Amino acid sequence: MPVDVEARVIRNTRLSSDYNVIALAAPDIAAATAPGQFVMVKLGRGSTPLLRRPFSVFEVLRTNGHIEGLTLLSKRVGVTTQMLFDAVEGDVVSCLGPLGKPYTPVDPPTEAWMVAGGVGLAPFATLTEVLRAGGTSVTLFYGARTDRDLFYLDWFRDRGVRLVLATEDGSLGDHGRITKPLERELHKGAGGLQPSGAAAGDVMIYACGPEPMLEAVAHVAARYERPCEVSVERVMGCGLGGCYSCVIPVRDGPMGHHYVRSCLGGPVFAADQIAWEAH
Amino acid sequence: MPVDVEARVIRNTRLSSDYNVIALAAPDIAAATAPGQFVMVKLGRGSTPLLRRPFSVFEVLRTNGHIEGLTLLSKRVGVTTQMLFDAVEGDVVSCLGPLGKPYTPVDPPTEAWMVAGGVGLAPFATLTEVLRAGGTSVTLFYGARTDRDLFYLDWFRDRGVRLVLATEDGSLGDHGRITKPLERELHKGAGGLQPSGAAAGDVMIYACGPEPMLEAVAHVAARYERPCEVSVERVMGCGLGGCYSCVIPVRDGPMGHHYVRSCLGGPVFAADQIAWEAH
Amino acid sequence: MTTRDLSVQIGPLTLKNPVVAASGCFGYGVEYAHVVDLSLLGGVAVKGLFLAPREGHPPERIVETPAGMLNAIGLQGIGVDRFIREKLPELRDRRATVIVNICGSTLDEYVELARILSDADGVAALELNISCPNIKEGGITFGCSLTGTYDVVSAVKKVTPLPVIPKLTPNVTDVASFARASEDAGADAVSLVNTFLAMAIDVETRRPKLSNIVGGLSGPAIRPIAVRMVYECRRTVKIPVIGMGGIASATDALEFMIAGASAVQVGTANFVDPFIWSKLLDGIRDYMQRHDIARVADLTGTIDTTAREKEWISS
Amino acid sequence: MTTRDLSVQIGPLTLKNPVVAASGCFGYGVEYAHVVDLSLLGGVAVKGLFLAPREGHPPERIVETPAGMLNAIGLQGIGVDRFIREKLPELRDRRATVIVNICGSTLDEYVELARILSDADGVAALELNISCPNIKEGGITFGCSLTGTYDVVSAVKKVTPLPVIPKLTPNVTDVASFARASEDAGADAVSLVNTFLAMAIDVETRRPKLSNIVGGLSGPAIRPIAVRMVYECRRTVKIPVIGMGGIASATDALEFMIAGASAVQVGTANFVDPFIWSKLLDGIRDYMQRHDIARVADLTGTIDTTAREKEWISS
């Protein structure tokens, strides 16, 4: 059951000129959140902005095992993300959640391959915690425009996550899109050369990022017959199933599809459920 | 010529749970301001609030003769004044001014009697400075609901201003409205008993406060045949003569009146110009 | 604190309080059952229903605008049969007062929907959506024509014992004449406003921000226009007026009631705050307490248009 | 930076750029001469003028609403004779492109005003205010009737060589039909929108916040409706459309142009920022530079309603 919390800003850390991580005192939401779930936040007085905005829960903050709150990883693209960027300790952010369907964690010996594009990194911190607690080995494929937009690498390394990076300008990792190394490794795996020691097929792919990336990952996963879950990003008016703004076409037969509210039926979907050819 | 300044908040001092004095780094406006003139301010992103709001310039801030900025005395009544109340050092307030017709200072031996109701105190700090610099003796009649709403008394005392106070709850000064002591002193003056030593008639009255108070002061002044200037408070959309929202009925004959924009023709008017019986 | 009577009368229907969830802004109601006790609302106007299921428009379906939002959902919906089978039982169990918002492409569709819903258990009233601006076949042809409005209301009235509430569009020159046509046709009440036809363009791509090009404007931005329209309708008809458009606080709800609304609906604000309902009711109760109003129904249409007097308020 | 051609053509009239001050929001222009170089504006539409001076409505005349404001000024004004004597010479000296907004209670008054102003020196065009929602006798009877619109436009056209621009009200079911009636009657352009009829009530006193009870809504709140109306008019008529309603940034101005406006007017935003003019022009120039547009006039009506494609933008 989602709750609405007037969450105090505990701290706000700028990662670059566009990215920040904001820590919010919303322990009840943090405690109830499963990896891939989101919150709807609202900042500011009056009606600019009018509507809440969806953000994945990034980290669950713990001090001596006690849950203190949660963080959001935010990229500055408009009015709310600008306010999240500018917020200072003590400010208040209205935070409603947790909402939506989470990722389905796998157990060993199946490996987890997480594919993140840009700010699509957000759900993978909590997913890593859950997977690593279960002993699952985790790889993060993480792509961005440039190396300056790749964050929290040490955080993931510290938790035993293997990193595969790509940048569009070639400044770090593969030069190009993150699906390039993903496909290469799947190819190696299919050829019997297990890059990380797992048996062929025992890989579950989790993706989050811009929709064309999700579509590309879904196609690659399908080609190599790997199960894949994607977290889609649709414009959300309410996050609770009230407005029908957030729909995505979901297959209901070989040819057909129907619109499903991604705030209730998602944001996480099995990649083969989505009718990518529609929109 | 008015200028628009993105003024930094130098400091913000709360005087009570409703009143504050906010110091703004707007030296150009401060340097050009005459007593009774106002600025149009706007706070906040987006369109809450949409329009600017008018505020009298309260103090001109000087450090070693150098003009640093100005202050506003604000009473919390709505969205902008709430934001002025909450503002902290470093915030930015958009400030357009100076605007409007100022008070006409008198020279000795004429005395100045200033009549302030509540936040109507605002224009009288700058007026005091100008009058005292010219050697004029100044009396401040100052009324409020309770003694806790009477501010800056020492500031005025330090500048040699005689204080006559009234509170509606009787907690300080006269019990009741400020027109009571005003009328008493005018009466004494008219009877030849010069309370402050000035010759009868050599008094100029300046008033600022709620309109019914201004009207009462205007009537008392007329009864005792004293010249009187009032600063009126009308809802202002622009402060520059563009919108025609701020009009006040001004006499144009024994019976007639016409609407004058108080942002251009005022806010200071000769009290006998206003057609109080209209609205 | 004296108890305050919050109940209001919408023709033959008694609502336990005047605060109703607006159609299309509260799903089928059941989506909100885990955050709101549906039985505490004056009523729940469910998402607009056609006879058949509908897919609605492709995304983008909404876009935020200054103090408002545009939507072009296109009335995606499950159709009346699935509604009765899958949603109505839960609404009944949760003791919601259900107002079903119905849409048709033809007069016969409205009549058929009314017939079917009259036989269902747990429907309190029918709201005729003759005002959706987003779809060509969405009744707007009825809603923009006086005879169309008259015909659809009287046809529906003939086949249903349920209270019938045509929902009026604000996209007309004289909304009160549509309230009058509704009253003449036997409507039990009118509700207004539906959204204003509007659009937004992305200047970088020069493309409309909504896939449907145009959509309906709702939210606080439209409130002053909606209040005026409720005021005009109240002065024109005797049947109750249900007011809406940008209500986001108890003050806003009271403004509509004072202008002439017997009850109000809340749409967009529910997206912003799904817990708004108890805040609205608390605020209304508090106002009644402060102004010593025993029955909220006594507020309806009490706007005072006589000239005001000046008062000396020490400021 | 290449020079960009900002000039636009409104019928026979060339404006040096598409940004015009909206009537009633810029006084008679001269009030702003000390903060704005009037010759830099595309034009100045002066405050609505009647033949005779008018006192207007008593205060309160304005009230702020979410992202908007209501006004019921009631067309206070000095009348056409004093305007010509006292204001026009200064406007001429300052090389402003003056559009005179005229209002009448009868068709003859519009004709008489047009005649008088045609003889005056320094008037670039006449804007017929047939859309003021705040006063009974303010031409709204013409503005809400197709034949009324047709009649007043053709009567004025007969007596003046000046470009004639009827200003349309948004308070109608089908604004494009009024643009068509204007075009049929010989109008050189149409301008829209005037304000939306609206109201606000103080719930504590239960009194209207405006002395006139109702007023006109302007500001960003109405922009999406106004853009839609400009789009509809552009698709209906061939004469230029001048768009307005809530423009507060260069992006907003460009949105109207892409929707179909040949020029835009700025009202409420001027109250918020009297120095907005150069910011708007700079923003438009910057946009033209980024999108390599040589003539701003080429933007008009370039909205692209074909379906969009997906792109993989690394985010």
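For reference, chains read A, B, C and D in written order, and residue numbers begin at 1 within each chain.
In this text, a contact is a pair of C-beta atoms (placed from the backbone, for glycine too) under 8 Å apart; a residue touches a chain by one contact, two chains touch by 3 or more.
It should be emphasised that the depicted structure is a prediction, and the values quoted were computed from it without experimental measurement.
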Joint neighbours of chain D and chain C, given as chain labels: A, B
Furthest chain, CA centroid comparison against chain C: B
Result of counting contacting C-beta pairs for B-C and B-D, higher pair: B-D
Rounded Å distance between chain B and chain D, as computed from the means of their C-alpha atoms: 37
Chain centre separation (chain A, chain B; CA means) in Å: 57
Chain centre separation (chain A, chain D; CA means) in Å: 47
Set of chain A residues in contact with two or more other chains: 46-49, 279
Where chain D touches two or more other chains at once, by residue number: 66-68, 219-221
Chain contact topology (line, ring, star, complete or other): complete
Interfacial residue positions of chain B with respect to chain D in the complex: 1-2, 4, 42, 46-52, 96, 234-235, 237-238, 240-248, 258-259, 264, 278-279
Chain D-touching residues of chain A, taken from the complex the two chains share: 46-48, 75, 77, 117-120, 143-145, 168, 177, 209-213, 215-216, 279
Of all residues in chain D, those that touch chain B in their complex: 24-27, 31-32, 34-35, 47, 55-56, 58-64, 66-69, 71, 73, 76, 219-221, 248, 268, 270-275
Chain A - residues contacting chain B, complex: 44-49, 79, 83
Chain C residues within the chain D interface of the complex: 65-68, 70, 144, 171-173, 196-201, 203, 205-208, 211, 213-214, 217, 219-225, 227-228, 231, 246, 251, 254-255, 258-259, 287, 302-305, 307-308
